[in-house]
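In what follows, chain A forms one complex with chain B and a second complex with chain C.
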Partner chain A sequence: MHQKKSRFRIGNSQLIAPYIFVAPFILSFIIFFSYPLFQAILMSFQSVLPDQVTFIGLDNFKKLNNPSFYKALYNNFRYTIYTVIVLIPIPLILAVFLNSKMMRLKNMFRSALFLPALTSVAVAGIIFKLVFSELDGALMNTFIQWLGFDSQKWLYYPGLSMFALVVIATWRWIGINILYFLSALQNIPKELYEAADIDGAGLFSKFYKITVPLLKPITIYVLTITIYGGFAMFTESYMLWGSRGSPQDIGLTMVGYIYQQGFQYFDLGFGSAIGLVLLVITLGVSMIQLKFMGLFGKED
Partner chain B sequence: MAEKQRWNFSAVFLLLFFIILAVMALFPLYALFLASIKPSSELFRYGLNVRLDFDVMTLANYKAIFAGKGGSAHYFSWYKNSIFITSLFTVLCLFLSSMVGYGLAMYNFKGRNLIFTLVLAVMMIPVEIILLPLYRLSIDLSIINSIWGVILPFVVAPLPIFFFRQFASGIPKDFMDAGRIDGCSEMGIFFRIMIPMLVPAFGAMTILQAMFSWNNFLWPVIVLRSTENFTLPIGLASLLSPVGNNYEVLLSGAVLSILPILVLFLMFQRFFIEGLTVGGVKG
Partner chain C sequence: MSKKGNLLLSLILAVSMILTACGSNNGGGNTPSTPTETSNSNTEGEGKTEAEQTNLTLWTFVQQHADFYLYMADEWNQANPDKPIKLVTENIPYDEMHTRLLIALQTKEGAPDLVDIEQSKFPNFMKGEVQLVELNDVVEPELSNIVKSRVDIYSQDGKYYGVDLHVGATVMFYNKEIMDQAGVNPDDIKLWSDVEKYGKIVVEKTGKPFITFEGAGNWSWWPAINQLESDQVSVDGKVMLDDERNIRAMTFFKKLVDEGIAAIAPGAGHDTPEYKAYMNAEGAASVFMPFWFMNRFTDEMPDLKGKIIIKPMPAWDEGGNRSAGMGGTGLSITNQTKHLELAKEFLAYSKLSKEGNIQVWKQLGMDPIRTEVWTDPAMSEPNKFTEYFGNDIFDTLLEVKDEIYPVNIREISPQVFDSVRNEIIPRIFQFGEDPETVIKEEADKLRKSLP
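Take a look at the complex of A and B:
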């Protein structure tokens, strides 16, 4: 009897407590996420001038039919695909190497590869603006001369610029992704490999049949943040080419286009329309992921 | 200790391979540092290079930044702002996110799945989409051009919530019941029992969130309007001007800007890797 009574009293507060715990998220979600999202949708159908807001229907979306927008879209897709190709398999394989019994000085290499991640994109931008400078003595040109090629004007041509952007992403992210994969590798029970050894499995079949499948959750996570980062890329381009933008928009991205339209031309309506397209794309990508990879499907 | 390590061909090969990788990773930072201790005339003549030329080395670039030359008059205000914003953001973010993550992991309540789905949705939708309305909102809330403007919109972050939830899910609920039997309130259980158990998660998230805040660019560049309120990345970017880049202060400024986060990383490194491993982002 006594126990029942006390459970009831505590049960009461146990009903309220969870809501107190999640309250910060609910508040922040309403104020700083759903309200602005609603506003963004609304603004994309408006012409927003400092003291005059008019409903203009689909005009902002019709305006999207222009070369700059397609360039931004194209750049984002290319950048995302390249970063996924580079930043998933390579860190995975490097993590497997780093995790192997033969490996020495693991901690030192792990830290060395992680250090670039500590530099801000702003600092990385300053460094790589100089690395990819057109001067003959600049690092990248020295390197390709050494390989027998001529100096290049890296930041003036689409292909070379994309290469520079992917190099920056690789440099900054490879160490973080290695750490993610390493942390997951260390959670794989060693018995699995021992059992495989007894069955006479080779190095590669162990990799494909044990390592890769068991790394699937972390791979999906890294894939998600890489795709997200690909579509949200802006600062790298801003640092390489400055606020006035790149020649022929070779470095323009969707977010760069939002920034340009919203904060340089003050066309908030059009800027929001670009944002909405970006929203549709990211939602589309998320849906594809959810469907094909069962992302978070096993929760609860 | 017990196992005697043998050197063989593969081990040597692996070691060499990773030495090359580590050199490649550290090379740009080394080049930046080297350029910062050379006169900027060298930079304009040869570009960023790795020539070791002891005759031309100088601390002039560092003296220039301390003298506030070439647009860097506010450099140490930016430094102060960055340290203040990063500390406040990290403390608040970890506190609030751990609360939410814990609540989601440990309680069964109506709407739990909905809230968790919303957390995942926020995680997957780029905030850049709501940049323009968020800018207008911060004007309306009068947090524009202030530290709160930088911090408030992103202080309850989905990624650490997700991480703390994953981490807390691994803690047996028996601890909560034990606390209740001892007469602990629900809040008391969180503060006195759970926070100490979540320490590895705090370690990992401290580095990640401090890095995020220290290096954040896009939102601060929008919300911070006056030069003296800038953070380091924005201040450095402002030195890259269309009329001419102030490389002498830019390079030394960039080198100095890496130091605090580097120190933090070296201090928390052990917890960081441990936290990631134990908690694991298991998807």
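Take a look at the complex of A and C:
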């Protein structure tokens, strides 16, 4: 009787209860994030082989000074910039259209645009590989022939293959970004537009003066995940070229490079070092972007 | 959301789900991670209980290999009722299987008893303290009966760690119909210089290229330089891409491409859907690929049935080698096994014995490593391969039996192969750069970056 009461008291205690509630998160964070991160830092200073784990100082980081690493970094930067250019404005405009009262077949477009997010990337990869195939009958080549150009070997030239990667990224993420913008749009009070109408504002000035500024928080969020997605890109490239890599590393990304060095050449220590550098880069870019967006300013 | 919209959405979802379900089987035709067991039907003796069976697990990345091992396990159980095994095979996609195995061996937990390791991945398992079991006591007694180079690939410091399934002898596949149309007899093509001479005739008469090369793969250059007894990695594990012989072969191939006698395979490789569609539609008169490519013809180029004949490769010089052993998968035992002796016995039974080697042909259509079985009557029994290619398949193989030079697979091989596939071959064949310059440049680059 007495025991039951005290247990009840502990569960109800204002001191302990918060810890119990956050425990699942803290535990999973420690097990699945902190520990691997710590381990990766440790491994980046080691040569890791079965029964032969030795500390080798900064050797892994010295190895980073090679053309493949720079190529991967360059590819990631380019890809991130392009995806940011495409994946912010287009979903935003599409979301405005989908939110508009005048739009017809709204639900059909909403589901059609969101559908790619539900499709398996593995399946989509196979389809896109065929779409960008070098054969004359492939979809992209048929299309550009119709425009009067010659067939292209899409997956051999840096510019063309980057285009292919950005097309896949657009197809894959556009629906999700639209969803973010749509939900934000629905939170903008209608009164603002009504007031603007009374003041005689046009369609465009309403978009620039009301919609865009009020979407700023969600835009920052979408920008952050797009940048992160750009640096973490692996699947799209893996689907187009497979595990054997792309000709002249045109599709090599940082994560692809980790995979190649860690698992295909079995150099887990070097893989960890690349991972750490990637972490530092993404963290740095995100910080700069957040600072630029004024997110570190004092909250009013 | 309106009712109409809901209906439409659910319809689209349903369709996409079906499509997704259909599509997921396309990845190389493998059904991932499906454990399959030996049938227990053959444990006829009532007194035998499952408890007496020893469990052995085996990982592979090819369903046909798994089926072969299961068949061999059933055969083993019939021949050895005193020590039956219960083989559990798991078919895991190529990359995932090798990655999982690396991690299992590194962490010393979760590895299977037996595992199929693909040739080009093998060097990864030779790093550090080798976690595979030495097989010398079962391999050495058979060395005189088998093609030795097929176990040398899986060896280090005189210790054997794996046994290959097949020889992978590279042969020429000619499209007889196109050759007849051009009035060229494949038997006249004895040297690579004949390829230039007769290839020109084929191109003129039929308008089709005589041969195709891989545009981003290793199955054209590697066998060709192997014929010249050269390699991409030397016996002592150094880069030897820029060897004279290698440059000779590549310069000649580039010339054939420039003259229009050879074409670059659509899809940039021979094992791609693009190439198979092209070849099935009689795109080119010939191709040289390892013996295992036969089942790509029977299964994926059905329209060429009865039209393809198998001949030795042309040699570079009079009396030169007319074949090369390419590709392969070695069966190994991990040091995590609890039934080492039995695993070894089963490995020897399925990979080194006469019975096993006959089944390699019967079940898989591959050229077995035990050469005596090539003349065995069992090999000429009709099957889908004899129906497709005719009855003289092994005659060709016997002809070139002693002309197969070993390949070197060493620690740096994965990096060197990637450089060949992704740098050297595309630069020469896709961008038309000079072979000698490219090969020397890439060889230097590799020497600088490798330890």
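Operating definition for what follows: the second predicted complex is superposed on the first by the 280 of 300 C-alpha atoms of A that agree within 3 Å, B and C clash if a C-alpha of one lies under 4 Å from a C-alpha of the other, contacts with A are read in each partner's own complex, and residues count from 1 in each chain.
In this text, contacts are C-beta pairs under 8 Å (C-beta built on N, C-alpha and C of every residue); 3 or more make two chains touch, one makes a residue touch a chain.
Keep in mind the model is a prediction, meaning the values are calculated, not measured.
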Inquiry  = With both complexes superposed on chain A, which partner does A:95 reach: first (chain B), second (chain C), both or neither?
reply    = neither
Kindly classify A:121 by the partners it touches after superposition: chain B alone (first), chain C alone (second), both, or neither? first
Going by the contact rule set out at the top, does A:165 touch chain B (first), chain C (second), both, or neither? neither
- [ ] Could you say whether A:283 touches chain B, chain C, both of them, or neither, answering first, second, both or neither?
- [x] first
*Is A:156 touching the first partner chain B, the second partner chain C, both, or neither of them?*
second
Is A:247 touching anything from chain B or chain C once the two structures are fitted on A? First, second, both or neither. second
Classify the contacts of A:66 with the two partner chains as first (chain B alone), second (chain C alone), both, or neither. second
Next on the checklist: Contacts for A:268 in the overlay, against chain B (first) and chain C (second): which applies, first, second, both or neither?
Outcome noted: both
Quiz item: Between chain B (first) and chain C (second), which, if any, makes contact with A:220: first, second, both or neither?
Solution: first
Between chain B and chain C, more residues of chain A are touched by B
On chain A, the footprints of chain B and chain C overlap at residues 108, 111-112, 115, 118-120, 122-123, 126-127, 133, 135, 243-244, 263, 268
The answer for chain B against chain A in the complex is residues 5, 8, 10-11, 14-15, 17-18, 21-22, 25-26, 28-29, 31-32, 35, 43, 45-50, 96-97, 99-100, 102-104, 106-107, 109, 112-113, 115-116, 118-120, 122, 124-126, 128-137, 152-156, 161, 180, 185-187, 190, 211, 214-215, 217-218, 222, 232-234, 236-237, 240, 242, 250-251, 254, 257-258, 261-262, 265, 269, 273, 276-277, 280-283
Seen from chain A, its contact residues with chain C in the complex are 48-52, 66-67, 106-108, 111-112, 115, 118-120, 122-123, 126-127, 133-135, 153, 156, 243-249, 260, 263-266, 268
Given the complex, residues on chain C that touch chain A span 1-2, 4-6, 8-9, 12-13, 16, 19-20, 23-24, 26-27, 94-95, 98-99, 102, 105-106, 108, 124, 127-131, 216, 266-268, 274, 414-415, 418, 421-423, 426-427, 430, 445, 449
Chain A contacts chain B in the complex at 10, 13-15, 17-22, 24-29, 31-33, 35-37, 39-40, 43, 94, 97-98, 100, 102-105, 108-131, 133, 135-139, 141-142, 171, 174-175, 179-180, 182-184, 186-187, 216-218, 220-221, 224, 228, 231-232, 234-235, 238-239, 242-244, 254-255, 258-259, 262-263, 268, 271-272, 275-276, 278-279, 282-283, 286, 295-296, 299-300
